[in-house]
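Scroll down for the structure; my scribbles are underneath it.
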Amino acid sequence: MDKYPSDVERMIRLALEEDLGPGDVTTDAVISGDVQGRASLFSREEVVLAGLAVFQDVFRVLDPEVAFELCFGEGDRIPAGGCVCSLRGRLRSILKGERTALNFLQRMSGIATLTREYVDRAGTGEVKILDTRKTTPGLRWLEKYAVRVGGGTNHRFGLFDGILIKDNHIAAAGSIRAAVDLAGKNAPHGLKIEVEVENLAGVAEALSAGADVILLDNMSVDEMHKAVELVGGRALLEASGGVTLDTVGPIAQTGVDMISVGALTHSARAVDLSLEIVSDVSADA
Amino acid sequence: MDKYPSDVERMIRLALEEDLGPGDVTTDAVISGDVQGRASLFSREEVVLAGLAVFQDVFRVLDPEVAFELCFGEGDRIPAGGCVCSLRGRLRSILKGERTALNFLQRMSGIATLTREYVDRAGTGEVKILDTRKTTPGLRWLEKYAVRVGGGTNHRFGLFDGILIKDNHIAAAGSIRAAVDLAGKNAPHGLKIEVEVENLAGVAEALSAGADVILLDNMSVDEMHKAVELVGGRALLEASGGVTLDTVGPIAQTGVDMISVGALTHSARAVDLSLEIVSDVSADA
Amino acid sequence: MDKYPSDVERMIRLALEEDLGPGDVTTDAVISGDVQGRASLFSREEVVLAGLAVFQDVFRVLDPEVAFELCFGEGDRIPAGGCVCSLRGRLRSILKGERTALNFLQRMSGIATLTREYVDRAGTGEVKILDTRKTTPGLRWLEKYAVRVGGGTNHRFGLFDGILIKDNHIAAAGSIRAAVDLAGKNAPHGLKIEVEVENLAGVAEALSAGADVILLDNMSVDEMHKAVELVGGRALLEASGGVTLDTVGPIAQTGVDMISVGALTHSARAVDLSLEIVSDVSADA
Amino acid sequence: MDKYPSDVERMIRLALEEDLGPGDVTTDAVISGDVQGRASLFSREEVVLAGLAVFQDVFRVLDPEVAFELCFGEGDRIPAGGCVCSLRGRLRSILKGERTALNFLQRMSGIATLTREYVDRAGTGEVKILDTRKTTPGLRWLEKYAVRVGGGTNHRFGLFDGILIKDNHIAAAGSIRAAVDLAGKNAPHGLKIEVEVENLAGVAEALSAGADVILLDNMSVDEMHKAVELVGGRALLEASGGVTLDTVGPIAQTGVDMISVGALTHSARAVDLSLEIVSDVSADA
Amino acid sequence: MDKYPSDVERMIRLALEEDLGPGDVTTDAVISGDVQGRASLFSREEVVLAGLAVFQDVFRVLDPEVAFELCFGEGDRIPAGGCVCSLRGRLRSILKGERTALNFLQRMSGIATLTREYVDRAGTGEVKILDTRKTTPGLRWLEKYAVRVGGGTNHRFGLFDGILIKDNHIAAAGSIRAAVDLAGKNAPHGLKIEVEVENLAGVAEALSAGADVILLDNMSVDEMHKAVELVGGRALLEASGGVTLDTVGPIAQTGVDMISVGALTHSARAVDLSLEIVSDVSADA
Amino acid sequence: MDKYPSDVERMIRLALEEDLGPGDVTTDAVISGDVQGRASLFSREEVVLAGLAVFQDVFRVLDPEVAFELCFGEGDRIPAGGCVCSLRGRLRSILKGERTALNFLQRMSGIATLTREYVDRAGTGEVKILDTRKTTPGLRWLEKYAVRVGGGTNHRFGLFDGILIKDNHIAAAGSIRAAVDLAGKNAPHGLKIEVEVENLAGVAEALSAGADVILLDNMSVDEMHKAVELVGGRALLEASGGVTLDTVGPIAQTGVDMISVGALTHSARAVDLSLEIVSDVSADA
């Protein structure tokens, strides 16, 4: 994982402040500052791991002397019961960072795991599984990164780095063609023009208007087949709308280029990881 | 909803910046700045609504002139297909805020809806359904607020406002009694002392050490019954560990005072809400 | 001008803090807080005006009661000696905001004025005048906005919203084709692929590799002519490299689609605007 | 260059965020994370170098492992074609920091180069060349630092660290004497009192009122001569207003103590520096 | 009180966050959101009031609908038992802001009250009572403002807006004259040169070196008398070092121009103010 | 001293920015950047030391190469004239950090010293000396930490981590019992319920309502005796209100569990510490 944007660093600090506030009253009252500890991170179910760097950075922000030993790497499939990594350092630091580090890692790994499942179900073809903008406020970068770790591909990051003409844009412009023309004239030239349509007539109109990408919104598998034929490679096709693990395979079979799945980020559950900690009471004594 | 902490305001701005970056290239290219719009927020499933104030604030940060009319209030149970509220204002502002506002509202309502279900399943007794610290980084306040909206009760906010002595604290101190004594001596006097135990022997030891609250970690329903009898009202009892919608009822029957459920926040899915927007192309013409 | 991103608001505050620090020692010592003032903003040369909203916001941050009356609008060509707008309010507020407000407005209008000159010299054809990323640190949004006000078109905002494959990318990938393939496979699908080349062989290679846009770096007018013929509309062409007011016309004649000009932002000078202030010593007396 | 204020560090981060946003889509797609690179920074024209520390810090913020070897130092005059420094490190880091680092360095060196020219034209006497507050919003510290590197001297940093009584202050106070008296009474005692005047009568009045410094605003060279004679060393004299490279020499001859030149910062152009990068594709292979 | 710098606004928010964290558990649990309240601010001792605007802003940040009625103004001497102002609004808002608002007001009024006492003891002459940089971290602007309210005068705000040559500067430069020369050559021309000396020989040397202001550090009243005679008005004289309420009068008699007193800010105690609150339980019922 | 919260780091930076602004004009003008210095920190009176880590961090933020040698540790009682620690590094860095570092250390040590005095006067019993929320805005964490260093105990940090029912809460709820019931129902279960009362009737009522802690507000020593008897260990008792060094002993004798003293933080004076600096002019020559 490359250096992430500074907003991610801010989120790590914010999450720690949220949990620690003026201090960990239990740990500070009960455990002396010189007690050392060791911990092992286990997965209680089979998961695709994502977020190891953030997991480590949470502890590093608290205490640069916490040391890590990794047994698995980012994107690895961890078996149920597998030991992901071990860490050692001041027991106080381990206890203070535990919950925050796990909150990041469990969520990100949940997304990677679910994405991998969608990718596997889509089959061995060329189709790409895309995420959406239905992400957790403040965590978009990390969640889209987890999608990539799981084998998915990122759709536009936000409203600023991709053109997507939807029904309201079309209504305001007067027609698909008018909207496409306005985008071509006013938007940065490096962005492809994607148009969302709801039926085959829309596909034909978008194609004729010069759309580079056509989003098939909530169409049946049958209609998608026809759209693929109709377009014949002259534009990219993206299937979208209520895609599930059951429907992703058949949709992939239609020959669309991409399938976007909101559930990757908005409904992935946190996977079950836990940190087993041992204090070395006598370590420094 | 009272004024929320300034960190929540920061999260709203951060989420908008994340989505908008230097601008909405599609909307700015296609829709002129003076077009007005109206929108209605619908729920596609039955939900308990939480987050209306944040939903509105997202738009207000973008454009203070967006106006709202509410059909339901915070905490109301919205039927499937129900219209939650309507809004009107500059179409550009509505389109730019839509996704971010929904991302907050869908997640928070998802938590409130799930919490209500746990509360209902727990039955009509005195037992409280509690959240945990297994929240989304940066969103803890909002997620714990959504738990309250759903009828749940908040456990400590973070490590700073509640004492919870776990196995590592006990190991480092030498015994439950030693840990309780240290907490009583060193921690602020306004905090009760809660001790996590795994069996009845632990319950007895914690009680005799003077714990105010005893957390029964992953005990069977049978053991919980015995713990309730053993304690006889001399301390509060909290059940915890892998509680599900199926087990919450039987656990409530044991007579414990509180049941904490990590799933309320770590595994609630986003509920299905959508904003239907209409542009008033001729409104200002 | 729509609401600008929150980073722009931060820059306005930062610029005011930079100038005001703990206070305006002269004004606070010499002028009492209840003296009112009026001021007129004049242009001492012919300019295209850009930045009026920022100009006003500088004063509004200091004192929401400063009032403005505009004689010209954003993008207007102001004649030498023209009165752009007048303002009235507390004299202290006018004096404290003057320099900071002008520093923004003079720079932004300088960019708009220079851009308009390039656009005019490029002639009446379809060619677009583009900016670059050679902007002032911290002011990119405002400077790119000023380019639009001057009739120019924005290139990508940063490294995140446009693909531009340069010589180092090609060298690392092994060939233009390999680089284009990697971009097609790994980058978001909504971004066109632009490739920078230095000669006609490069143009041919980029075209055959499937580039959507080809940047002609430092080519002669003659070569550009040949590139336009060679490509024959199968890709967009952007001329770049040392373009001046003298060469922009001939380059436009070659039929390229776009001409990017670093000088628009990196070498525009501040235009000569001044604020003539009158104190109303007796106004409130 | 000493440690600069924390606002400068913030500007470096802000400039990087502006350019990188959620990531460099081209580089991340095309170049693998372990490719190493080398680069040399060349000047295409003769320049006075300013901003080397900021240039390096841009890369260091991105990646602390980028290493530098300097051939020239801050304030050195670099010949056209001269190699300023070389750097080596991860190719991705070099490509991501390149534009931002150059944007700082080109602007700062442009200011230092122009300042040096003014200083040289002013001749070998005692006269100081001063900057003004006509700086780029957010960059005042760096631009005033570049003026010092070029041999110039800083005027007050902002409104808070120097008293400068202008016409509006005089009008509000009633007379030069009244304004000077108010400043002496109310402003911090460690600041000299400077008064701006437009003619010789003003000079006489300011002198008699006890001004420590008199600013001669837009006076002719002839008038300045007379002002110098009139004052006879009893106050410092600063020439100001539309000073150019052609007029700075004759003004210096009048015997004024200081000449302030807004053009140093508001109209310096970015000098022509470029980074030539080589990827070491096989370095780590 | 003019608009204060944005750092002051930040301190107000920071102080509120410090006290409120995720919420006021008592008030939120016990008092419903629609209960209104009234409060009166009393002084239990005679004080000079400073900080009313900050006091009000604390509540305004929490709840813009809290309304104030002032009985006394900034700088007024409030008799023991006097009612300073009254406020009304939501009881929750009043209770949440109470402590933070008082913490500012009690400290600032403490400083103003002590300053007034020093000023009164110094007598009716021309001597100015100055503050120092011995202020509370983060509160310098507010504390120096309170000194002005109490009738004192501000010394330099920080290290950046005044030259003060101390023993280490002199040692490093080699002599007082060398240090003064370096300051004259390198520091901004708008700043007077102040030199700290410890005896009459130092006074003579500083005077001959051209110091504008001489700080007499820890001299006896007798030596100060001699210093005043020696200098004869050719430089300003500032007395400093351990000045107390008992010694400020005799020092003022020596004829020095200024007396600086660290105790004004570093040892003022919080004055005794209290807010008497009444809830209007039935107000909205 | 453990790692402190990130707000403390922000305060350190804010305090340095406050003092340094755009730079130390004297030091930068007079002392060259390569001169080394040594300094010794002395205490001019007997003090309990608190804040050494902050003292060091101020210098480290400025210049990581400043090195420290400690003669005393946190919480040690330093005799008058004792040398606390010595430091060495660039003279510029020492001079720039001196005042800010001392401002923190003198205030914190003042609080620790005063707290120790209260603790000593309270005698050898079990009674705890508590702080209050009457702290300096922005410095609460550091001031409460200093109280602990002096042997005191922290009361709740803010409104969020402790329940304290005061007269307004009681009035709004209708009775002590009603307020206690609401707190028990609505506030987090981990917080004890403390009730403030003014007489013995209140004590009885609070006890019968189930209060865990009863705060005796401004009661006489005699009444406190009776309260202790009345309660007989069924609740904790806290004495509060105008406690002085003279009254703390007799109050402790009454048998209350805790005595809270606002003066610990709101009226501690800065103790007299000074930094003696020596420049090593020839060190690097």
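In this document, chain identifiers A, B, C, D, E and F correspond to the written order of the chains, with residue numbering beginning at 1 in each.
Methods note: a residue touches a chain if its C-beta (ideal position, glycine included) is under 8 Å from a C-beta of that chain, and two chains touch if they have at least 3 such contacts.
Bear in mind that the values here come from a model prediction, so they are computed numbers and not experimental data.
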List the interface residue numbers of chain D and of chain E, divide the shared ones by all numbers used, and answer same when the ratio is over half, different when under half. same
Looking only at C-beta pairs in contact, point me to the busier pair out of A-D and C-D. C-D
A-C, A-F or D-E checked against D-F; over half of contact pairs coincide for A-F
Chain B and chain C, separation of their C-alpha mean positions in angstrom: 45
Taking each chain's centre as the mean of its CA atoms, chain B sits from chain F at a distance in Å of 34
Expressed in whole Å, how far the mean CA point of chain A lies from that of chain B is 22
Going through chain F residue by residue, note those that touch at least 2 other chains and give them in order. 7, 20-23, 28, 141, 157-158, 160-164, 188, 191
Give the list of chain E residues in touch with chain B in this complex. 13, 16-17, 20-23, 28, 33, 62-63, 92
Okay, in this complex, where on chain F does chain E touch? 7, 10-12, 14-15, 18-32, 35, 37, 91, 95-96, 99-100, 102-104, 106-107, 133-141, 157-166, 168-169, 171-174, 179, 182-183, 185-188, 191, 266-267, 269-270, 277-279, 281
Okay, in this complex, where on chain B does chain F touch? 128, 130, 153-157, 160-164, 188-192, 194, 212-213, 236, 238, 257-258
So in the complex, which bits of chain F are touching chain A? 2-3, 5-7, 141, 144, 157-158, 160-161
